[in-house]
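Shared between the two complexes below is subunit A, which pairs with subunit B and subunit C, respectively.
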Partner chain A sequence: MDNLRLPYWALCTALALAVTFVVRDPYLASIVNLISIAALVAVSLRFVMLIGELNFATAAFMGLGAYAAGAATTILHWPFALALVFGGVVAAAISIVFGYITLRTRGPYFLLIGFAFTEAVRILYSKSMALGGTSGMVGIFPPVGFDAWMPSLIMAVAAVLIFALYVLERSDFGKILTAIRDNENVARTVGLNILLCKVACFAIASFAAGIAGGLHAFANNVISPGDFSFLVAAFALAYVKVGGEDNIVGPLVGTILLVTLGSFALGLGGQEHIFYGAAIILAVLLLPDGITGLARRGYQRLAARKGH
Partner chain B sequence: MHTAIQLILTSLQIGAVYILFSLGLTLIFGVMRIVNFAHGHLFAISALVVAYTVPLLAGWNLPALPAYLLGVVAAVAVTLVLGFLMYVFGFRYFQRDMVGSFILSIGLVLLLDGVFLKVFGGAVRPVPEILPGTVTILGAPVTAQRLALCVAAVIITALLYWAMTRTKLGKALRAVSIDHEAAMLQGVPYGRIAFAGFMIASALAALAGALIAPVTIVSPAIGADYLIKGFIAVIVGGLGSVPGAILGGLFVAAIETVGGFYFDATSATIAIFLLVIVVLLVRPKGLLGHG
Partner chain C sequence: MQAAEQVLLRTKGLTRRFGGLVAVSDLDLEIRPREILGLIGPNGAGKSTTFNLISGFYKPSAGTLFVFGENCTGKSPLAISRMGLVRTFQHGSLMSSMSVRDNILLGTIHGVSGAARRRERTEETAAMLGLTPHLDNMAGTLPHGLQRLVSIGIAFAARPRLLCLDEPLTGLNQTEVADTLTVLERIRDEFACSILLVEHNMKAVMKVCDRIVVLHHGQHLASGTPAEIRNDRKVVEAYLGHRHDS
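What follows is the complex of A and B.
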């Protein structure tokens, strides 16, 4: 395993946590929560992109995690931490079954089946009376003492998971995943069980998405089927694409930038959809490698000039 | 027996629109290897234009049928302009790049969602009845409008099928969708064929939208439902296959109608999803897919 750049990670996480300690305004705190959760979803989406697939079922697994955590809290009265982990485990367990069937297909088929799955699951929640139907599930509160520290807690959980996904990406397992993306058949000739590796990658990403869903449920106290439409995955894709998909820093940069700008545009009375749509179109047309790609090219050009 | 005929007729009516819709999706995928989520918006703008112009023209004392036909012409024209803009400023740069083109189409979906809502407003708008009366087929009543829709859809599908198998353009489109490099070696101008394929698909979406407008309630969000069903139809049939799109469209419509009749709409949607899972388990490339 090569250099994990631990000092940078420690510094950035510490800075991010420091921000959550300073923020006391409820509106700003909600934006910080939004950024932490969206960043985790975007990194989860990008993790499946390592095997070369676009995982639109991310939104479904986020929803499954949120509903599982919500049901564990409101119906079973489980403690907070257990409910959160339960959300992730449920999402991962369902994703193993779903992935085992659908990961035999590739490219557009996998993408579209994920999209259909998201919509089917969303119809299931809205028809289930135990889960609150169309109006959703209410009263998913974290323990009383935690209220003031929720932004810090959410940020910390998201940071731990994002770091874990980064470690996995840099490990030998991550190299197998990129090998599958580059050429599945070559990877198969080495004796790797491709389907198993793909399902493992998918389940890990879905666990992260499920935890993100649980965090979303505890941050907002209310969840409804409308929160988990395919737009969740579309927005996550925008964060990944605008930030740049080559590096795990890309989705983080994209999330912070777009969520902040989006909240600002919403404050101006602008239309969120037009804003995100235009951002995605401009990003794919003008910045094929995203912001981090642009920054790296600029840096390389600068370095080359210094060399002369 | 009566119920069975009624159910078959309803499936054919719904299926007719799904077929037109999924033919466009499968054509674009076959020729350009892109997944266009904004296809539903091409369909929606056509339905919206019809819903806007027909009451307007009827207000000038024009009879219903000419007003509707003028509305259809306007709708197809507007949709083709939108499709042209999408191709020239967007998809042209993302041919055979599934991820890139898909992301672009998601951007277009969000942008057009917002723009349609601003321009047309969120309210649903009814279209006045074009062809009054009902027809009885084998003892089952069908409104004349829905029958006309089916007939029009069958004619359009047959024309497309004929064009794809008999004309030079159709043969070029099929050649490109089987192997674009081999087609180019044979002298097929790929860029021009891709453009033609995209515009034909836009025209199909426009016709589907214009046909559905009088028999449903039109809102800016009308495309989303058909988009999901249309994509399921092409997954079942096999992306890029024209007979597959027809088969898939009929399949989805039949399950939706029968399931909706004996259970409810939700179970029907879940059943459609299960059907897709079963098809993918047996044939990961769809029933008639190859490439």
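What follows is the complex of A and C.
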């Protein structure tokens, strides 16, 4: 296990939680929720990028988590925490089966399968009357009295999961994942079960995506199939690429920046999608390692100048 | 079986066809404890196919494969590697975006439990290969010779009973070749590990191998000690093309 930089994590989490305590305006609170949830989805997407795969099924697993949590709450009347965890578990369980079958493919094939799965699952919700069809599922409320604390709760859950994914990435398991991306055959020849590690990576990421879906359901009280189209994964990819994928800080920076920009654009009556599109193009052309990559290079240059 | 215990790897009639081409034909091969066995032959002789057959990457079209006395015909690369047969690849046998430390560490994960013991094994392996000063460098940024050593390091960190190296000396300068050969001898002598060496550098093969097997057109042509191989007429004709009289 490498150095976990605990002080930084504690400080940043404390700051993020402080923001949720200070923000009392409902519109601003909804943006904070959006950021927490989108950051968790982006980090989940990046976790599968560790094995070198682009996981467009992230959107599907977020949706499965949301619908599972929603159904547990509105149909089964399960308690809040149980329903939330149930969403993550359902997403992870389905992802194990899905991953075991599909993770034998790679690259564009895996991406396309994930894309198709996301759209298929989305259409499934809209055809299912029990799940509310195209108009969606309503009445997914957190316990009475929680409303005021929802942004803090959502932020806290997202922070815990993001930190957990970070810890896994820094562990020996995380090194196996990077090795799979770099050179799968070498990992196989030293006795490591590659498919098992890939499925585990995928299931862990899907659990996080499922929890993100549950948080989304409880934050908005309403979910509909359209919330979980492939665009969710496309946006998450934009956050990762703009922020930088080398480090877990990248998707966090990308999410905060792009969601804030996007919300601002909505306020202007514009289409926030244009911002995302432009941001991706600019990032890919000008910042191959994203904003965090640029910051690191700048820091290195500064350090080098000081050294002289 | 008494005989099985004395032989680490045995193939009987091992054959692999690709369409109409017979890449390896009816090959009987034996690797004994504590030996460095050279597998040589001209280009297209079937060395790489043999390598892929015994490490499970190819399934044989016919014949049987015994590894450590167990019938491993048709077993997966994972199953065979877990028995203690670890191979390297001719091209790019390392993770270039990871540090040398993490590269070697990868070899310890399956066999060693506990972070401290993995680190210990990693550092011990690096020290033996002379890679200690480079542990924290990115593997992809190292010069070619050191990258070759890292590949061996990953494989050896798993402490195999049989280490199969696919052209580990390609592109190395003379000093690097000599250093690598010393490492191979130490692996054999200090860790009682046998080595199967596929290599084009004849001088090195003659120097380091205990026995040599020559393949030609996918078939076993000759086997014996380096001295025997050097003076084998069939080998000289098939492999070198003409006799050198000095």
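The definition used in the following text is that the second predicted complex is superposed on the first by the 308 of 308 C-alpha atoms of A that agree within 3 Å, B and C clash if a C-alpha of one lies under 4 Å from a C-alpha of the other, contacts with A are read in each partner's own complex, and residues count from 1 in each chain.
The rule we apply is simple: a contact is a pair of C-beta atoms (placed from the backbone, for glycine too) under 8 Å apart; a residue touches a chain by one contact, two chains touch by 3 or more.
In this text the structure is predicted, and so the values were computed from the model without any measurement.
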Item to check | Partners on subunit A (subunit B, subunit C) - clash or fit | outcome: fit
Checklist entry - Between subunit B (first) and subunit C (second), which, if any, makes contact with A:130: first, second, both or neither? => result neither
Next on the checklist: Output check: A:237 vs subunit B and subunit C. Expected answer is one of first, second, both, neither. What do you get?
Outcome noted: first
Checklist entry - With both structures placed on chain A, which of the two partners, subunit B or subunit C, ends up touching more residues of subunit A? => result B
Checklist entry - Thinking of the overlay built on chain A, is A:185 touched by subunit B (first), by subunit C (second), by both, or by neither? => result second
Next on the checklist: I'd like to know which partner A:175 touches here: subunit B for first, subunit C for second, both or neither.
Outcome noted: second
Checklist entry - Is A:193 touching the first partner subunit B, the second partner subunit C, both, or neither of them? => result second
Checklist entry - Angle subunit B-subunit A-subunit C between C-alpha centres, in steps of 10 degrees? => result 80
Next on the checklist: So in the superposed three-chain picture, is A:144 touching just subunit B, just subunit C, both, or none of them (first/second/both/neither)?
Outcome noted: neither
Checklist entry - So, does A:119 touch the first partner subunit B, the second partner subunit C, both, or neither? => result first
Next on the checklist: Please give the nearest C-alpha separation between subunit B and subunit C in the three-chain superposition, to the whole Å.
Outcome noted: 15
Next on the checklist: Which stretch or stretches of subunit A touch subunit B in the complex?
Outcome noted: 54, 101-102, 104-109, 111-113, 115-117, 119-120, 123-124, 127, 231, 234, 237-238, 241, 271-281, 283-285, 288
Checklist entry - Given the complex with subunit C, which residues does subunit A contribute to the contact? => result 1, 172, 175-176, 178-179, 181-183, 185-194
Checklist entry - In their shared complex, at which residues does subunit C touch subunit A? => result 55, 77-78, 81-82, 86-89, 92-98, 102, 105-107, 109-111, 115, 118, 151, 154-155, 157-158
Item to check | Residue ranges of subunit B in contact with subunit A within the complex | outcome: 29, 35, 89-90, 93-94, 98-100, 102-104, 106-115, 117-118, 228, 231-232, 235, 239, 266, 269-270, 273, 276-277, 280-281, 284-286
